[in-house]
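Look for chain A in each of the two complexes below; its partner is chain B in the first and chain C in the second.
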Partner chain A sequence: MDFLVFQYPMITVQACLDGILLGVLFALIAYGMALQWGVMNIINIAQGDLVILGGYIAYFMYLYGIHPAWGVIVAPVIMYFVGIAIYKLVINKVVDRDLFISILATFGISILFMQLMNFAFGADVVLANSGYGTTMLFDNNVVLPNSKIFSAFISILFAVCLVIYMKKSKLGRAIRATAQNARAAKILGVDTEKVYAATFGINAALCGVAGALISITFTIHPYMGLPYTIRSFMIVIVAGLGNLPGVAMSGMGLGVFEEFADYILGTEFRIGSVFLLLVLILVYRRFKLSRKREYLK
Partner chain B sequence: MRLNKIILSFVSALVILFSTSVASFAKVVGDKIILGAAISLTGKYSSNGVHTQNGYNMAVDRINSMGGVKVGGKTYKFDIIYYDDESNPKRAAQLAERLISQDGVEFMLGPYSSGLTKAIAPVTEKYGVPMVEANGASRSLFTKGYKYLFAVLAPANLYLDVAIETAVELNGGKPVKIAQAFEQDAFSQDVRLGILDAAERTGSKIIIDDKLPKELNDMAATLVKVKQMKPDVLVVSGHTKGALTAIRQIAEMKVDVPMLAMTHCDAAKLSKQHGKNSQYALCASQWHKSLTYKDDFFKDGMTYAADFEKEFGYDPPYQSAESSAALLVFKDAFERANSFDQKKVRDALAATNMQTFYGNIKFAPGGQNVDKPMVLFQVMCDASGSCENKVVAPLKWASAKLIHPIPKWSDR
Partner chain C sequence: MNKNNLILYIGILIFGLAAPYIFPAFKVQLSILCILIVLAITWNIQGGEMGYNTFGNILFYGLGMYLCASVQVGMFFPLAEWTESGGEKTFVHTPAQFFQGMAAGLVVAAIVPTIVAGLIGYAILGLRGHYFAICTLGLGVAAGEISGGIEIIGAGQGFTTPPFPNVGSLEARGEFFYFLSFLVLVLTFIAVKAIYTTRFKLILNAIRDNEDKAEAMGIETMKYKIIGWMISAFFCGLAGGIMGGLVGYIDSTDVAFDGREMGVFMVLMAILGGKGTLWGPVIGATVFHIFKEGFWTFFLGWQYVALGVLIVVIVIYFPEGIMGWLREKYPERFGEVVDEADRKAQVEIK
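Up next is the complex of A and B:
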């Protein structure tokens, strides 16, 4: 069983393509996390729950007869305001504090969101059918659901738009300035409070897009957020803050890694292997850092 | 200080008063037999928890309105104390403890899911409280030697072995190649054990044996393997999300497999969520409304389904039907025991041998119901795209002929 990948070479192609398409989606979520981590120094444990909430928005549109693909436009708009609201209610009180406090606060938000979603939408697993077909490659040996291709395409589109926005717009410049040095930015007239709120809103909006895509490609459930938080955390750790191409690359890398872990180690180790990788990378980083310190001595 | 003492004595007086008044609330008060149940009204099992509660309530109303329970020449009515266990096993065990030792309940109804039943069973066993449960099918519940646990449903290892036997039969008695993907929880792993047994009995070979994670929402990898290795049967069990994910990805990836057998199609409302894509899926079910079992209270499955729909506004899933059956079993046992003594009721339960609209009920020494086979239904759709679940096995109740092998995607 372990050597399936070699017995059936097409599986390798399939795994790579599946992994990349999945990874792009992960990268989008991770990008939002990297953004607000970099700007506000907050690790948002509720990231995955924001994603699921975005998914529910697309699902409800589907339920009322609107094509769920429109969710990628509606969900970010709604989620932007949800993000701002969370910022005003909770995050602005922990933004200058210890990292530990912000983790606790967002962990609380995560639990609250899970329970609220469960209360409001029920515990059923749901999905939104896009009705997109399937693309067959290599004599039908490799199959790519068009919904996955669509979600990868939309993810890239949003990421590119955001990069341009961050480079060109006034708010984008203010966000980048705040990320570099909040105090200096404040002295130079940037309203950092507004920047923080906008950053959190943008992050939530990105989660909304990703959630809508997930409801189209996979399934959603009120308690399914955590794996998405872990994945994006891991992608950001690998890429480092403020390293955008890095986030994209490590996102796709993680997607492919997961797919291969599934084939080689077995499906039961799929998410476990992500956790293991996270530990290994953290240990490696620490090791590298300690080397550097010695060198400095 | 004196004020403190006064407050303290006042509070303790209140506590004593309260506890005595609660104790008098116990088991049989006036003409009421009070049963206790911890049910998942919130948390991840809340939808099935509500199905369970609706099933219980429906049976209580029906039995009470049709003359109640006759014990020692007197007529009693059922009443149930519910607590919300938040889908959490620890909480369920605490609540069972509370129902028994504080509320004085002497007879219990089961919670939803094998996991929660497993958490409660040691408590009811410790206090010698008979519990009739309708939603814990895990085999491990019946191998621990529990004396006070009775399950009206068939154990989990019998869910899908019929499918394997049918596949072998259709293959001219020759062994088949099986691909299976199971979530790693108590229930699904028991279903898996049943498949392993069936494979051994028939000499069939398991060529893919995947274990799905709890957070499962992507099983593309398993399906790619299925596509390449071409098994005769694909078996999937991963609760609602497993069923939904499997159907979505099988359709998207155009995976051709002659037989697809699953659990939890009812709860997943497969045909509602997936329409024609769910066609031909075989589903294990404890009950189906078209079965012809009969009793005096609900008449038969069709009448039950119609009455249930009138009261709650949806078609009853089997979780509701089996929950209603639990009450019928209790009524029957009380009347045969002709007493409220827990030991006598327990012995009467153990000797149960009856038919309900849900099926025959007769308990093995382990507490599982051995007199009711599982049924398999197949999702069948007509040209207009409306789908229906039709019983295809066992043959005795089949309302349609099994479609086998499943037509290829390219021919659909």
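Up next is the complex of A and C:
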């Protein structure tokens, strides 16, 4: 626990760059969560497990000799159908019920996925080696793996494509209309059931992309899902629903925070610090909101 | 309390006292059942009566577990050396030391979580709905991750609780832990039953039904929410302390702050039995434990898959629980006045 960060300024630069590249990925997952939260009013605890499942798709392509970067194309396609299946089996029965019911139901799905992945893929920490090499910056003081730059680039690409799709396409318009007012959308002829299914599928597909990128840049493990859920939840509540620049910014902020927590507190407290930050943010938010309420009185 | 109820309670008490002699092979299972019932009853104070669905009661359970074991060891031996040796037989508790340590440990394990609940209650219980649920989920996981990094309580390698001393009889360990957990169960049940007959329960229900209105009626909702949480924390801490001694080994994420098992079990048991009733959690926990122990062995490694499916099925198809189902079937037993004509009309509609 010697504070290397303060002794060597280059480590600060390293941590910031790492954090930003990592944060872009978090923001992609959080975008999916914001989408389904806004449209269906569901908080999906299994979000992180969908990410890990996407990661395993890329990993298996790597095992069978296909370059894992193609997972970015394949994983979302498979995950879209996984998402639709989950929606048809479970989510459509809890959409208009109490929020806690949906939290608990998705928690059940999360446990189920965790264990099925543990059986199917084993409990080892794995990664798909992309063989992209590294980039050296600042007189070789800062090392950036090219895979991280690649993953950040792909995440931004997917996010931009999705935003354009939501703005321009018919389904995108239907999704946004349902998010604003599901009843009114139904009256005006939008098949909300279909919209919900598509939203959940798109969310799962985004998770698949993020998972494939995570398996290239970092490592995956069947039990690593919950932290990704918590991170995306945190990003969404900090940014607010429907605030895309906010999601990107708070995602990067979270990434940088994590890298610094890693350096300062030690790796064993990394996940703990994420969960603790969630509690602190929620408590801060509660005091801020209660002050506002008193002001209104 | 009418006469029938009194006979029922005395019958259950006698059965509880005789159970370890009737089923001598299942003493450990019966003790775990008592602990599970305590956890389900205390979860029900928040989730059922108050409408605050918490995943965080596991925090007090794990805290109690670590505190009880630490006090029990730390009173007589250096704690750091104990955890470093991984429970080697260099330090041995004499029977007197063991029981004194256990008693002191349980007192600490009950009081400290209560204080913690009081301290964090003001900040956490101000959250509503799903924010509260996710926040408490994060709290439980954070506690597990952080306690897994602290050296003095064993960090990642775990903490071996003092082994039960040799007091002559081989059956003594099982009986001791059974009667201890049964005692805590009886205390919890009596306390919660007493609470549920007072105005306090009505206030909790008012908070569940409409918190803003309750506040507008002049009820200091925050005070009652915190008191409710402190009551839960008290009994959760006790249950955790006993469970630590019973299991004999404490691991940060797999035994103490086990959000994936115990943390979900308590929610599931209360929902299975029926939230917001006194007997629901008791019945739910018993059914769940029997199911779990009866079928877990057949799944062999697929328990968590079964658990996941069970959660989804119970939550989607059975959210009212056993008591809710009984209530719908026999409303008279629950003291509800049923209008015959109304019932006939309903049957006709069906």
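The rule is simple: the second predicted complex is superposed on the first by the 294 of 297 C-alpha atoms of A that agree within 3 Å, B and C clash if a C-alpha of one lies under 4 Å from a C-alpha of the other, contacts with A are read in each partner's own complex, and residues count from 1 in each chain.
What we mean here is this: a contact is a pair of C-beta atoms (placed from the backbone, for glycine too) under 8 Å apart; a residue touches a chain by one contact, two chains touch by 3 or more.
Please read all numbers here as calculations on a predicted model, not as lab measurements.
Looking at the shared chain after the overlay, A:F121 reaches neither chain B nor chain C.
In the superposed model, A:N129 lies in contact with chain B only, and not with chain C.
When the two structures are aligned on the shared chain, A:V279 is found in touch with chain C, with no touch to chain B.
In the superposed model, A:F100 lies in contact with chain C only, and not with chain B.
In the superposed model, A:L226 makes contact with both chain B and chain C. In the superposed model, A:F153 lies in contact with neither chain B nor chain C.
Contact with both chain B and chain C is seen for A:G266 once the two complexes are overlaid on the shared chain. Using the contact criterion defined above for the overlaid structures, shared-chain residue A:M10 touches chain B, although it does not reach chain C. On chain A, the patch touched by chain B and the patch touched by chain C overlap at residues 115, 118-119, 226, 266, 268, 271-272.
By the touch rule above, chain A contacts chain C in their complex via residues 43, 90, 93-94, 97, 99-101, 103-105, 107-116, 118-119, 226, 230, 233, 237, 266, 268-269, 271-272, 275-276, 278-279, 282-283, 285-287, 290.
Of all residues in chain A, only 1, 4, 8, 10-11, 14-15, 18, 22, 115, 118-119, 122-127, 129, 134, 136, 140-141, 143, 145, 147, 214, 218-224, 226-227, 259, 262-263, 266-268, 270-272 touch chain B in the complex they form.
Touching chain A in their complex are the following residues of chain C: 53, 123-124, 126-127, 129-131, 133-135, 137-139, 141-142, 144-146, 148-149, 155-156, 260, 264, 267, 271, 301-302, 304-305, 307-312, 315-316, 319. Contacts from chain B toward chain A in the complex involve residues 42-47, 87, 181, 184, 208-213, 215, 217-222, 224-225, 227-229, 239-241, 244-245, 248-249, 252-254, 268, 273-275.
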